[in-house]
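Take a look at this one; I'll ask things after.
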Amino acid sequence: MTTDTEVTSSPSHPALAGAERAIAELQETGQYFFQRGWSVGTSSNYSAVLNRSPLQLVVTASGMDKGRLKPNDFVRCNYDGVQVDTDNQPTTDQPRSSAETLLHVVLARLEDVGSVLHTHSVWGTLLSDHFSAEGGFEIEDYEMLKGLAGVKTHRHVESVPIFDNTQDIPKLAEKVDKRLHDESLPPIHGFLIRNHGLYTWGENVAEARRHIEIYEFLFEVLGRKLSAQGKLCNNA
Amino acid sequence: MTTDTEVTSSPSHPALAGAERAIAELQETGQYFFQRGWSVGTSSNYSAVLNRSPLQLVVTASGMDKGRLKPNDFVRCNYDGVQVDTDNQPTTDQPRSSAETLLHVVLARLEDVGSVLHTHSVWGTLLSDHFSAEGGFEIEDYEMLKGLAGVKTHRHVESVPIFDNTQDIPKLAEKVDKRLHDESLPPIHGFLIRNHGLYTWGENVAEARRHIEIYEFLFEVLGRKLSAQGKLCNNA
Amino acid sequence: MTTDTEVTSSPSHPALAGAERAIAELQETGQYFFQRGWSVGTSSNYSAVLNRSPLQLVVTASGMDKGRLKPNDFVRCNYDGVQVDTDNQPTTDQPRSSAETLLHVVLARLEDVGSVLHTHSVWGTLLSDHFSAEGGFEIEDYEMLKGLAGVKTHRHVESVPIFDNTQDIPKLAEKVDKRLHDESLPPIHGFLIRNHGLYTWGENVAEARRHIEIYEFLFEVLGRKLSAQGKLCNNA
Amino acid sequence: MTTDTEVTSSPSHPALAGAERAIAELQETGQYFFQRGWSVGTSSNYSAVLNRSPLQLVVTASGMDKGRLKPNDFVRCNYDGVQVDTDNQPTTDQPRSSAETLLHVVLARLEDVGSVLHTHSVWGTLLSDHFSAEGGFEIEDYEMLKGLAGVKTHRHVESVPIFDNTQDIPKLAEKVDKRLHDESLPPIHGFLIRNHGLYTWGENVAEARRHIEIYEFLFEVLGRKLSAQGKLCNNA
């Protein structure tokens, strides 16, 4: 079902529309992330908002090889993370959605989020471990920060919260939701889960993808710097 | 010869069957592993089970370039590692099989093993050296562990045994066989040979390949962590 | 407008001429640099001189994905960095040029510069931070230095100035211009901006691209050496 | 001119013969090495023996981009390193051969050498610097050593001599020639030039290429090990 609040995606597949376009963009994203080593071993999951009201997303099904996603490797879900058909009715007639679907939903409910990307990288894993006791870290003074939406200067200070890893996704989704709406804390473009991976998002797949690139670049810079200093994961 | 216990492989080559499909999957696996730097210099060998009873495998012939395997670069062998023809009769009318064929056979005899993959990576080599005195090491608390078959939580503790390197493959195969059937020790998904490489397996080529990706990711994380701490290969 | 002082580019696109050829070369350069990780997250910008007198350049428009540049992702500008049409008349009928266009112009005014390339790499970022207090560093005794135009021996000493990062591009362009024309200092083939990136140039796109490769290779060598010595970014 | 002692190359281009095949193999080798980062910035040079008696080689011309070598980027030379035409007569009607042609010739004169490959890598550069005072180093106890022609066990000890870098190629060629024929020293499969690069060879292009892969793998293992130990380039 597409309505008057249908979300349009980035222009990389101009000939396609709606779900077909979102799926094509996420397939291509998977090939690229897999090749960079950020989505190996069937890790990671990706989603795109198809419709804003009522909320409907496509999200990768559980356990698929991200380097060669097929159109059938995606499922639809609604505002509550329940799998739905094209008419937004609950269905069980699909592969099982990713266990982490609720995290995608919590993020996709935000007004300006059109896509959520979750990846697993070596440097992100190392930093998530290194800074876990502090619950996060800050990145500042890098020109690359300007690749995050709305950032206009390298003077920007970006907070990267780290959540403890858990298999209790509803509980984690609740914590993430709370952090996102806590106006006493600085707004964020992404977060890490300890020894697990990165979540980031954007107004469309292209922007979310750019955010992954920015975070991965900065994680590698910080990780190599801490490593050279003999500090990385050496604070225990 | 294909029988009623023929093993079917993963769905990446749906149009092919039996040996043709297994070979196509292993060729593609070789291109991919070569490009990642895990199978350079004609190192590594790969196998897939064609038939369960009597056991018959295809395994890479000795000394082939894994980045461009041709269908003729594979040979068949039986339960004892003897090269056989399509009717499971001993033959010498093939290229020589890999010197390490017996290791593949010992693993392929396990009921739920449909493919065995052996690779040589930089991080695996370094860890196999670092932990050789202890005879192995444990990996725990990483989300990526869930990519190993049957693992349901990052709390899982995976043992990675390390065997001393040797050119006496029958003796090594015996040690591996003993470890696999020692019920006093935790079950494993793979092992290292010191300053040599990794063996892992799965119910089909896709699963064994996923296991390689999981191990290589975790080896890089552990290796970079130990390196940053100034510990890697510094315990002598 | 093409005149008798039209600049011809490298021979990689012999069938194309003028702006079409320059754009094709820069598109291909973007794909290559993106794949190497030197131009991710829509960072970087590239230019080529189309005409010497009056000076006219093509330069990448602001914020484009360098891995998939399209012909429309380039704009033209003149000696003063003002966007112009094919007849060299000021125009606003184009996407906005890169914020750093003035740096390209300052370099392109040099007689023997036919192309300017700006990239963002991890090792360049780390070195630009490490040596920022000294305002730069020297590279010598490497055979790869001979890849810089006019260098005939590994004994060559190449100065790499580092400028503080700023969002005030006209001011930075002025500093760069001053350094380029300061005859009391050794001539240079490139410079770094702190925690930002590398600028280099050449008589055509191929030479500027070769210079990027040379600098990135040498930055990685120096960065790994300082890292192993425990010195990298450890001087504070 | 092809004679009864014409050298046949590896089977990767079965439809081609003689010079055409050698050039096709070296072009493909250049693309591959460039992509691995071992031949960037127009560094490196490659050769293959076309005829044994009289000796005739094809060798890369000076200063070509190794990632996109064209058939015209190769020249022929004879036993003395003089450029010759297809009838083995001295000629000046070709691009200039690489400055290091004499090194190729000294190696190609060895009876069982059909191809010589020279590359520039980051880890090779770092090791050539680290061990330069000792004039070389030894590699032993790695399974990957078995990828060097004739090596049957990981117990093998391979000597890697390091020569000082120089622009005086005839003098360097003389030193290399002396080392190759010094029967008091162990035979070698390759050598390094300090802060410059690696030379290796094989009976054909495929074998020389395999040797490059073996050395690069082992250099990375040794380099990362020394780096983790805080020793790399820290002996001054």
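Order of writing sets the chain letters: A, B, C and D. Residues in each chain are counted from 1.
Keep this in mind: contacts are C-beta pairs under 8 Å (C-beta built on N, C-alpha and C of every residue); 3 or more make two chains touch, one makes a residue touch a chain.
Every value quoted in this text rests on a predicted model; they were computed, and no experiment measured them.
Taking each chain's centre as the mean of its C-alpha atoms, the one that lies farthest from the centre of chain A is D. Residue numbering shows that chain A and chain B use the same positions for less than half of their mutual interface.
The centroid of the Cα atoms in chain A and the matching centroid in chain C are 32 Å apart. Those residues of chain B in touch with two or more other chains are numbered 227, 230. Taken together, the touching pairs link the chains into one ring where each has two partners.
This structure has the following touching chain pairs: A-B, A-C, B-D, C-D. Listed in rising order, the residues of chain B touching chain A in the complex are 12, 141-144, 147, 152-154, 206, 210, 213-214, 216-217, 220-221, 224-225, 227-230. If you check the complex, the residues on chain B that touch chain D are 37, 40-43, 65, 68, 120, 122, 125-126, 129, 165, 167, 193, 195-197, 223, 226-227, 230-234.
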